[in-house]
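Structures are listed in the sections that come next.
In what comes next, chain A is part of two complexes: it sits with chain B in the first one and with chain C in the second one.
Moving on to the complex of A and B:
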């Protein structure tokens, strides 16, 4: 028994050591930088000026308010739509589940800059196709929807992020214990009441985890605040950081770091509250020693209503912007759709993309780095979550908070810290694919961490105890019992991390080097040189490619699902 | 060529030209011998991946013993990456192609070397750093474009100050915080006129958007009738049939110059010089021409006919002055191009 504990502790110590190494050093470097008046490697001195500039006047309150309205608003949009679709596909007999599942994935894989521009072409008061339709076909006096508003920002970012809640909530719905629902119904509760008192409360860990991830994504994102927010004259923290980094000459990284400490506080407080709210872990255990399978709700004729609603959401939120991207990819330049346009259709843009050497090289790099990073992030998260949920180790909550902080830092801030770190440390990863793996694992482990943590809370310890009592080692129990049971959540997080390596720009643009370019770098190259048609063609190809991976992941995950099919 | 650049410091201008001519023929031999030993070249550049390929291919065809690679990134990231590498004592890049202001930053930290390529002998002085650290490969200009479905050529404003007419209120689109545009006004028109223009435009409620390439695309789609955009973006759109045109008579038309420079302590210094010589040669400049900007070589006509005109009132930003006055330019840009 003692040998058993030593083995376990050794494995856990190594994994936890990796997490601390990956997150704590960049974190300290960034914080150190906020007290300096120049970039690392130059003759800079100690200063408090960055904090004075970042937080020194009252406009910061307006910025903070805007940031929270935007981040929370968008999180609620994503969460509402994502959970609704997840419930339909996991727990009801709504038809066309595969179609709904496939469409809900689209926003995951289209480059963010493309969807943002697609929304400009749909909802701009002047040229937006939807607004034109209202004015020209329905006789409205003026454009009814203004994209350049807080509502527009929330909508665009919210709808672009439905896939994360969709995946994680689907995993939670799949692990629901139906006997608890049946008990609710048997004691005379209505369906709605059961949903509220049983399902909702049991899913609190996942719900909070998803909301926390979404809110942190919302305060950290640059694209929507820059492309829609700045024209709308709505400023958030991210747009200030964006200006400090892109508009100042030279870019002011110390100031950007000082701004990011706000994120750090929000994220740390968020995780602390989350851990407190979910600390009574047994309360959420739905996967127990008893055999069961989640019940599919028979909606009767209502299933056509839920189907229509799902398709409506997906049509407006996902298909319309994708159609704009697809249209842009087959015409020489973007124009309003018309019959004359049909004669101008061309596949030239696809030819350009497919004829580019860097496309293939970066695709191969991206697949390798993405899969390695996502897998490493999932394993580290499983180890950290297990320690946080199952042990009484002192400092375990602090560990969780530290491991979560990289999520809150803008990619470019963390990217620069890593750049400097691996240029100066005697670890030969600079210029190789490894530095990208390190960066992605650092930045995205928080995602798998939250999904894993929530999934472990649903897992009753009695299963592990049973395995250990019947003679399995801890390691074997972890691999054969714990991992398979949290697999749906783990694959959801895994796939999200993989998708982000195809989508997020700020890390690879700084850390890619000769021959280690990633796809977002190629994408951004097209964007900067104004080649929107080629960029759109690349977007369509990505959707096709990642949809295949996603469906394969779903099939893989369903093998581990406790649900009978 | 190390010798010739040292001489350039002491000899008068005529002497410099003579030395360059002289050393060009002889230097080539020793450069080639040196580059053969080095066998590699690393080029950091902000030009796009599709554009770089023919340049590298042409170079390797000429010097098949050199393995040439390029790393492409946008301006702020590429500049920072190079600065970080150098401050950490890592020497990877041989040749760097960014904008002239960026090279000024490199000069301040002594990170780049002087090199006056014989290929640039005939270049206009405005295409070279007076101190010999960089040479321009091509430049582009910011122009006032208009959507021909929304504005006729006859109605279009003819000068910057025409934009202050009330009829253009809320109709011209600019990039958020475009301090370089303001810098161009001030360097051309003087502080007084530039301030007058800036304050007038601030009252005109210009349309503000983010991203130069996106602005060109939005102009073509009709988001605003007029927009300040890069001429090469507009010309490409025009060639594809988009309803866009630009106004030739604005004074100034602010230009952004590319700058090619060689890293001090480049790991492959001979290959680096061969590459710069090739890149600025007539042969490579024929390729550069097809990118749509204005090639620096005086004997190569710009690809787009409209840019061949000699009447354009082009204002190159003074890289040193722009660096020194940055705070003031940015403050003015904040008044006009930010709300």
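Moving on to the complex of A and C:
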């Protein structure tokens, strides 16, 4: 018993050490920065002026309101579309499931900055293709749709984020024991009331967790607020921080830090809510060793209707934006598609991109940093999750809270925090690829942690106990029973993190330097200098590369999925 | 021989203490079947889990053979993976990522059997429960009764000192139940 206990406590201490180092220390450093009157690494003195500047007037309230409307609105859009598609593919006989699945996954491989610009190319009142079609072909007096509005921001961010709820809800639908539904029907409930009383109520913790994740994503995102919000003069917190860091010369690190304390508050609230949701869900262990067979709903002729609906959503949300980018990548100047344009099609933009040393350098950086970060985050998350969900060790709740907290921090805030930390402390990672790995693991472990928690909560504890009874140590049980059973979730999380390193801009933008650039930073460079054609070409190449990885991952994950074949 | 003396287990539901086991003592001689009987929720499963080491009792003492596996006074307990126990769980706990054969084989490997002996014992155990024809079938594709037999085969295969059965025959039909009963008895 004593050896047993020491083994577990040692693991807990090591994990706590890692997450404290990754999460709390940078946080302390950024707070320290908000009370200084100079940039990191310089001699500066104590001041409260940064807070006075950030929170001194009433515009801060407008900022908070905008942020919440944007985040909640986009979360509802994403959740609605995402879970509808997840239900169709997992629990109905709608045809072409593979196609729906593939298309719903597609936004994963498209950087947010690319989709956002695509929607500008489609819906901008001046140059947007759709608006120009209405004005020039249908004789409208003015552009009927204005992208530069709160509605536009919610639409673009919402439709661009259907993949996360799709993935999480699909996993939840897949692992629900159908005998629970059958029991409901057998008790005389109608299909609808079974759905309400059994499926829906069992899924409340999952739904809540997914919505929470989406809202937090909305609060911290900055591509849409920057590209659409700033011209529309709709400011949110993330874009204010972004302005303080990117638009002011020199960058005002202290003011940015003061703004980002808002996120500390949001993070605490978010973490508290999330813990409340998951502590309730421990009662809902729906995968048991008794085996489960997801049941398929027979839709009859309605399946063609659901198919058309799914394809329409996916065409508008996924294919259309990508088509515009693809088109832009093969024309010299952005213009409306026409027959004359066909003769002007060119691959020049691709030649330019492929001729850049910067392209190869950043590609290599991205592959190395992405794989190392995704693997580290997946293993850390699996270990943390197991300790939190399965053991009764004191301190596990704390571990959970600390590891989850970075979820609510915008990439740019983490970048800022790491800048403060490594310019102040004598650890030589600043300017190397390591600081990027540290940043990604910090930021993205919570995402993998969520899917691990969900997967573990649904595994019956007796599966592990049976292994321990067999004489396996907890470590062997973890490797041979727990890891394989959560492998589908873990692989999904692994790929998600890898893809994010190719997509997310806010994290590397402060930490990348000449020689350690990541691909999104290169794309952003093109955007800032208005090189839309090259940007599109690079975007298409990136999407193609990520698609290959996505397919490989899907094939790998499907080996582990437990379902009726 | 299992000896439980003044065994007690208290669960805490918030501030409220619930006595799942209240000072029970019993002795099971070697080679005997011992049945815990009672309404559901009376602590049968908790008692089994204490013997297995999956729960730590609040007080009392448990001996398996001559070895003290739990001593409430010193608070010392032998971890479950160091007790030589076979157990059939209420949920069967068949590992869904393994085949029928692998379920038994993994158990035996964990017990420390060599590869060849584990294979032989796994085959034999599956023959005993009549599942040898299904050895390559993925575990989730079994019926409830078949899963129960896999769980039983797994529990028996390693020739454990103690066999703990948590409602092991509830899912079998009458004929199979009779066969299993005599099978268990003959062991």
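In the analysis below, the second predicted complex is superposed on the first by the 513 of 565 C-alpha atoms of A that agree within 3 Å, B and C clash if a C-alpha of one lies under 4 Å from a C-alpha of the other, contacts with A are read in each partner's own complex, and residues count from 1 in each chain.
Note that in this section contacts are C-beta pairs under 8 Å (C-beta built on N, C-alpha and C of every residue); 3 or more make two chains touch, one makes a residue touch a chain.
Remember, predicted model here, so these are calculated numbers, not experimental data.
A.B. asks: Touching A:532 in the superposition: chain B (first), chain C (second), both, neither?
C.D. replies: The first partner, chain B, only.
A.B. asks: With both complexes superposed on chain A, which partner does A:195 reach: first (chain B), second (chain C), both or neither?
C.D. replies: neither
A.B. asks: Who wins on chain A residues touched, chain B or chain C?
C.D. replies: So, of the two partners, B touches more residues of chain A.
A.B. asks: Is A:124 touching the first partner chain B, the second partner chain C, both, or neither of them?
C.D. replies: first
A.B. asks: By the touch definition at the top of the document, which applies to A:463: first (chain B), second (chain C), both, or neither?
C.D. replies: The second partner, chain C, only.
A.B. asks: Have a look at where A:55 lands relative to chain B and chain C in the superposition and call it first, second, both or neither.
C.D. replies: neither
A.B. asks: According to the stated criteria, A:226 is in contact with first (chain B), second (chain C), both, or neither; which is it?
C.D. replies: first
A.B. asks: Please indicate which partner A:481 is in contact with in the superposed arrangement: first for chain B, second for chain C, both, or neither.
C.D. replies: The second partner, chain C, only.
A.B. asks: Figure out whether A:434 sits in contact with chain B (first) or chain C (second), or with both, or with neither.
C.D. replies: After superposing on A, A:434 lies clear of both chain B and chain C.
A.B. asks: So which bits of chain A does chain B touch that chain C touches too?
C.D. replies: Overlap of chain B and chain C footprints on chain A: empty.
A.B. asks: Can you list the residues on chain C that touch chain A in the complex?
C.D. replies: 52, 54, 76-87, 89-97, 106-108, 110-112, 138-142, 144, 147, 151, 154, 158
A.B. asks: Considering only the defined contacts, which chain A positions touch chain C in the complex?
C.D. replies: Residues in contact with chain C: 1-4, 287-293, 460, 462-463, 465-474, 476, 480-481, 484-485, 560, 562-565.
A.B. asks: Touching chain A in the complex: which residues of chain B?
C.D. replies: The touching residues are 42, 48-51, 53, 69, 71-74, 76-77, 80-81, 83-85, 87-88, 90, 92, 101, 105, 176-177, 179, 207-214, 216-218, 220-224, 230, 233, 236-237, 240-242, 323, 326, 330, 339.
A.B. asks: Can you list the residues on chain A that touch chain B in the complex?
C.D. replies: Those in contact with chain B are residues 39-42, 117, 120-121, 124, 126-127, 226-227, 230-231, 233, 243, 245-251, 332-335, 344, 352, 356-358, 416, 419-420, 423-424, 430-431, 509-510, 512-515, 517, 521-522, 524-532.
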